[in-house]
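What follows is a pair of complexes built around chain A, which joins chain B in one and chain C in the other.
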Partner chain A sequence: MDKAKTKSAREPLFHIVKRTDIPFWKAWIIRICAVLAALVVCGIIIVLLTGKNPFEMYKFMWDGSFKTERKFWKMIQDLAMLLCIALAVTPAFKMRFWNIGAEGQVLIGGLGAAICMKLLGDDGAQLSNELLLPITILTAVVFGAVWGVIPSIFKANWNTNETLFTLMMNYIAIQIIAYFTFIWSSGSNTVGKLNAQSHAGWLQLPKEIDKSGYLLNILIVVGLTVLMFLYLRYSKQGYEISVVGESVNTARYIGINVKKVVIRTMLISGALCGIAGLLLVAGTDQSITAETAGGRGYTAIMVSWLAKFNPFYMILTAFIVVFLQRGADELQTQTDRIINADFADILIAIIIFFIIGCEFFINYSIKFRSHKKKEVEA
Partner chain B sequence: MQEVPAIRFENITKAFGTKVVANKNVTMDIQKGEIMALLGENGSGKTTLMNMLSGIYRQDEGQIYINGEEVQITSPKDAYDLGIGMIHQHFKLVDVFTAIENIAMGMDKKETGSNKDITEKVQEICDKYGFDVDPKKKVYNMTVSEKQTLEIVKTLYRGANMLILDEPTAVLTPQETDKLFAVMRNMKADGKSIIIITHKLNEVLAISDRVAILRKGEYIDTVLTAEASVQSLTDMMVGEKVELDIDRPEVEAKEKRIGVSHLTCLDKYGVKALDDVTFDAYGGEILGIAGISGSGQKQLLEAIAGLQRCEKGSSIVYYDNSNNVETEMVGMTVSEIKKMGVSLAFVPEDRLGMGLVGSMGMSDNMMLRSYKKGHSPFTDRKGPRDLALRVKDELEVLTPNVTTPVRKLSGGNVQKVLVGREIASEPTVMMAAYAVRGLDINTSYTIYRLLNEQKKKGVAVIYVGEDLDVLLALCDRIAVLCGGKLNGIVDGRTATKEEVGLMMTHLNEEKQEVQANG
Partner chain C sequence: MFAAFFHRAVLQAISLLFGCTGEILTEKSGNLNLGIPGIMYVGGISGVIGGFLYENSLESKDDANWFLAIFIPLICCLIGSLIMGLIYCFLTTTLRANQNVTGLALTTFGVGIGKYFGGVLIKLVHADVPSVTVSTTSNFYKASLPIAQDLGWFGEMFFGYGFLAYTAIIIAVIAAVFLKRTRPGLNLRAVGENPATADAAGISVTKYKYLATCIGSMIAGMGGLYYVMNNASGVWSNNGLDNIGWLAIALVIFTVWKPNFAILGAFLFGALSIAPYYLSLYEIVDINLRTKPFFDMLPYIVTVIVLIFNSLRKKRETQPPEALGLSYFREDR
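Here is the complex of A and B:
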């Protein structure tokens, strides 16, 4: 009691209150302010640590995505691939199935495509493209789906921990890819362009229509985005995913077969990762390495969460991530690596910190001590 | 009342967002050595007000005075330092710790001394007020009543002299409630101030000195308990005259709907939760299930609903009298039962965790029962939406609109959504577990009325309840469970509260025999 009495009777300077409703536009003003604040903080750090003009640096970052038509298309392509994997992980995460194995599922899907291109292409059976392409696509999808569904079967039947399981599956996938690249490159570990002469199994539109070579990939991902939105929002299966994710008990109570939903959803998730692998191997690189997925399997999780699992918002969150990554790369080139990768990472981290951090101000408001009260005290 | 009040609220206002005002200009006092009951319907702001006192929320406007001095309570720790302790409905105890470990948890060793010192001090508190705590017992071995006692002793140990009890009797048997009231009176005699939140007006009259009433966030009045009656309190709480008799309509044509025989189920630890239970439920009747919590009520309802595995020898037969078909339901899944054409409605105890999806709106929650209909891969959204609007209208559900997540609604409105949906499926069997727990009197009566309507339609209603007064007024027959065994079935019209209370706690082997043979 004594301790309490000595406590000042003054109202604290501010207290935090949960917001229940915030107009749409206000939330966006907060987000834009957060980005501006991030740029100011980055600017200060740039000046203090490198002595360079921050506006010049920001221009370099902008250039990374928009300087030339080629850079622009490359950015859109990166965006599409990241988005594709984010779409793939979304149904699982919505179901609260912590699938961090997208990296491996993408790689295995890509491997499926590469095997078809290798065995049935120039060096092998030399099938015609009309036959080879459908087989390649199907194989990639099946490979990805199988890799995705294995952990879910264990989860559904024996309640194993899916996070560890999917993570371990990634390492297995990487080693399998390493094995195949070793075999195919006869020991040098770099597989060159597959079917470089005939372009057999290349998932691209003719050069006359699409100079960049990325257009088909992008169109496929646009289609997938719309489909995934419809699936999650309007289909019976999408509804079941939401119910299972929110409460397994409710799902059982209502007669949903939870095991079936878990396995089916991971089948879809894995199959989509397989498509992403296909687009990367047959559509983009026409080759495969253990770096083909390039960490996108993990980044995609962030993209999906930031967008609150809404496929259309994911376009925006994926853009932010890709824009920053490409900007950071450009920054290094333009400054002759005076600004190195680590420094660029610091800048990216600051910006993402502000973007995520501002959600606090969208969910809560800060109430300061009222002025009326102050006057009384004064 | 010239004394300085122990607690004084002055012009307290608290709003959530711009639309919801939980408390508006509340001004009231609590004296030393007084038990005050805080009364109000769901969503009237009782809990919000108490949360501000215990440091969980912070008021937007107004002041709180403790013993005449203005205080700033910015955290639960501040509240503790001021001697305010709150006993929540959901106990904040660590299951794997013993009683004294829970009591001293988070405190400095220098302050508490050795385990022996703690035990001694706890014993002192117990002796003083008449508590019964086994210091070495682990929490997971305790009954609900023991856990609650431990919570109270914990706050007293930490020096609380103002206690807030949030619906303490909701989970207790009549005997346990009497015991709780006895220690509350002892604490009062010791000069402690106690605020009790409860919906049970009989208890308010039995225990409190004064009653403060809130309605829609506003403070209405404080009355002396001696001058109040159940009727006068209800009228003040609701703001208009309320009819307080529970109806028990007579239905002539009763027909056997469900026959449960030799039902045995295990709980998740493999212990028998239900042991050889046999009874019949009839259409046109409300069958009450009484028992202290955890006596197998949950397993019983879930077994009938197809959610609980039953042991060998168990049988649950559904009688479809219009088609003269008998269906054995043991071993069927929920969807198989549904496909057989058995229309079961089930209002489970855990409303948001089992009956509804908290993050979805009313409309999507209505869809839970109907989404599978039809062959289209897409859901029909219009049907559930129309149903949601109808339920909202008919049961007067307070919600901004049918897409607002139901988790944001107050307890009473959540229950209306759930019951409304279950009734809409036109059931032949309706099961409800603790359907009015935490609900205010007005909503409770709405639920009783809805159950009676189902009964009149010829539905077999099975109602698991905890308030014996209500069970005795509402039900035609009451089956009493005791430790997983059926301890007999009594007639709701002739049985007494004491009789049922005794059957809940003392297994009568002879009666069991008679029951099985008859």
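Here is the complex of A and C:
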């Protein structure tokens, strides 16, 4: 009897068990609870800092995205860009290839577009738009793909750590951009609008159709979202990606050439980043700076991860991020700058902490020790 | 000339050394903490807030007590970075979240906190320039031993730094000895290499991961404090630290996870970062805005080369910890 007593005393209060069979609705309830909890925490922080009613503040944040037509289009454009980069990193991440180099790949893709616009546009060869656009698109895609594929070749052949490799590539890319912005700006370090007179190489629909100038970008990203969903879900390559991601050994066993899949997937990932760069340079800014990607390369990873690599969920997660960013911008004007634009980063991070934290309760269940059972055993 | 170069290189190196030593400890426990830039931001801004509050509580700047002026920012910095480490650890170790995503979110969080509170402070002082200065506190941090002036170039090279610089080197040496020569150090390495084996041997994986990550992030946070107080002379201007944070992570690879190499590696990176200035000053190479980007990318290129070289060589001692980036669950198969 004594022995049984000491034994049960040592038993921990609870233990954790993996579960795989959680119903779909239950998982979503947990996620929604996490987002609500995060919003409550954010609300508390807002009250502590500003002393104002948090609901009022959230309403201002809502205005940041929806108050005027212009703000709405800007929000959709930001959403499309973030979504595009999130789509780009998804295949690699699904394969458990930790590509955090999207920032650099986007910049280099954008650089490819900018080089074409510069050399073949007004100041250079003055090609016609029909000829210039395909060349620009192709260059951006190739540049992005090459920048992305370099780490994957080393990963596939010599198992070089890709997280750190791609991270370093970002900074090399930023410096390359710094070089080009310098030589193009003749010293002032800002490149003005490229081809401002002829609009050669600008990826925009005519003004009559699209007032905001963002519509073409948005349509392209919508197309990419659907394509990426189909690619991951229904293609053979998409299947190979998920097998490699689940277990490299299983993939080898069933005869998948892992090396080939890794390199091919990073080519696709890099190429998509190149497209994102193209859309940012040719479609949005018509210019390039080291800030063109603006940290989206990192945020996109979180967007993709939170959406469980599902392109359609990504629309939602990207929306949350962009909504907070635009909202914090709006709060900046409403609260006499007590809240500034950087505040968005804090809110985004808190929400992400809660969402990635709640995955634990979806993947594992906590089993509390039951006293009754122990007594029976004793 | 060489003494001045050496001096400035060391100044640049110390923040990197703090960050690198902290990250090595963290990574040795199997946690790849990509939140270092965020932690440095939080460490820096907490120190500045501490210093700012202390300076404003004084009637005149001359009353400043050296102990309080150093102690308050330091404690604020340590607490701030400890909280960051705890957030990371709770999410990755207790809740087993993905380390890359958590780390990136932590960087977003930390940079956001740094820039946000920096912005608030800047607004509070109504300055014309977008920065906030805690020069009185910074002067205490920068104070070097008086003998530095008497010893000429020798003094400048070896004694001309604030106390944090020596702390960084001492911490790196202690970390090196700890990892290589002590039993807890061995246990920590075991946790990073193969947590299941360590667990079977009776080592508490959770305890080691928590301790290593939290202490590591406190050390890294001091890098942020050093940067603000010593390199920037107490001026917080909302930038500069993310670069150092990522470089510190690069440095971990460069020094193959060895804190004693980190001292040399940090010095080399520091020297690389100011080399363009000195090379052009003495007209050895013409450095202008056109060529500067290529010098700025050197540390990263060197790191990539080291990374590739190490993976090609496949030497056991130079590999990352085996379980780096993976969360451990005892009941996993």
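Observations on the structure shown:
Here is the rule we use: the second predicted complex is superposed on the first by the 290 of 378 C-alpha atoms of A that agree within 3 Å, B and C clash if a C-alpha of one lies under 4 Å from a C-alpha of the other, contacts with A are read in each partner's own complex, and residues count from 1 in each chain.
Heads up, the rule we're going with is that a residue touches a chain if its C-beta (ideal position, glycine included) is under 8 Å from a C-beta of that chain, and two chains touch if they have at least 3 such contacts.
Computed from a prediction, not measured in an experiment: that's the story for all the values here.
Within the superposed three-chain arrangement, the count of touched residues of chain A is higher for C, of the candidates chain B and chain C. In the superposition on chain A, A:Lys207 makes contact with neither chain B nor chain C. Residue contacts after overlaying the shared chain place A:Phe182 against chain C, while chain B stays out of touching range. When both complexes are overlaid on chain A, the residue A:Thr250 reaches chain B alone and has no touch with chain C. Looking at the shared chain after the overlay, A:Ser242 reaches chain B, while chain C stays out of its contact range. In the superposition on chain A, contact is made by A:Phe360 with chain C only, not with chain B. Contacts of A:Val17 after superposition on the shared chain: both chain B and chain C are touched. By the touch criterion stated above, A:Asp342 is placed in contact with chain C alone, chain B being left untouched.
Within chain A, the residues touched by chain B in the first complex and by chain C in the second are 16-18. Against chain B, the residues of chain A that register as touching in their complex are 1, 3-5, 7-12, 15-21, 234-237, 239, 242-243, 246-247, 249-250, 252-255, 257, 367, 370.
Put simply, chain A touches chain C in their complex at residues 16-18, 98, 100, 154, 158-161, 163-165, 167-169, 171-172, 175-176, 178-179, 182-183, 187, 189, 295, 298-299, 301-302, 305, 337-338, 340, 342-346, 348-350, 352-353, 356-357, 359-360, 363-364. Only residues 16-20, 58, 60-61, 66, 69-72, 74, 78, 81-83, 159, 305, 307, 333-335, 338, 346, 348, 350, 352-360, 364, 367-369, 371-372, 377-379, 381, 408 of chain B touch chain A when the two sit together in their complex.
Here chain C touches chain A in the complex through residues 32, 34, 87, 90-91, 94-98, 100-102, 104-109, 111-113, 115-116, 119-120, 123, 246, 249-250, 253, 289-290, 292-294, 296-297, 300-301, 303-304, 307-308, 311-312, 314, 320, 325, 329, 331-332, going by the rule given at the top.
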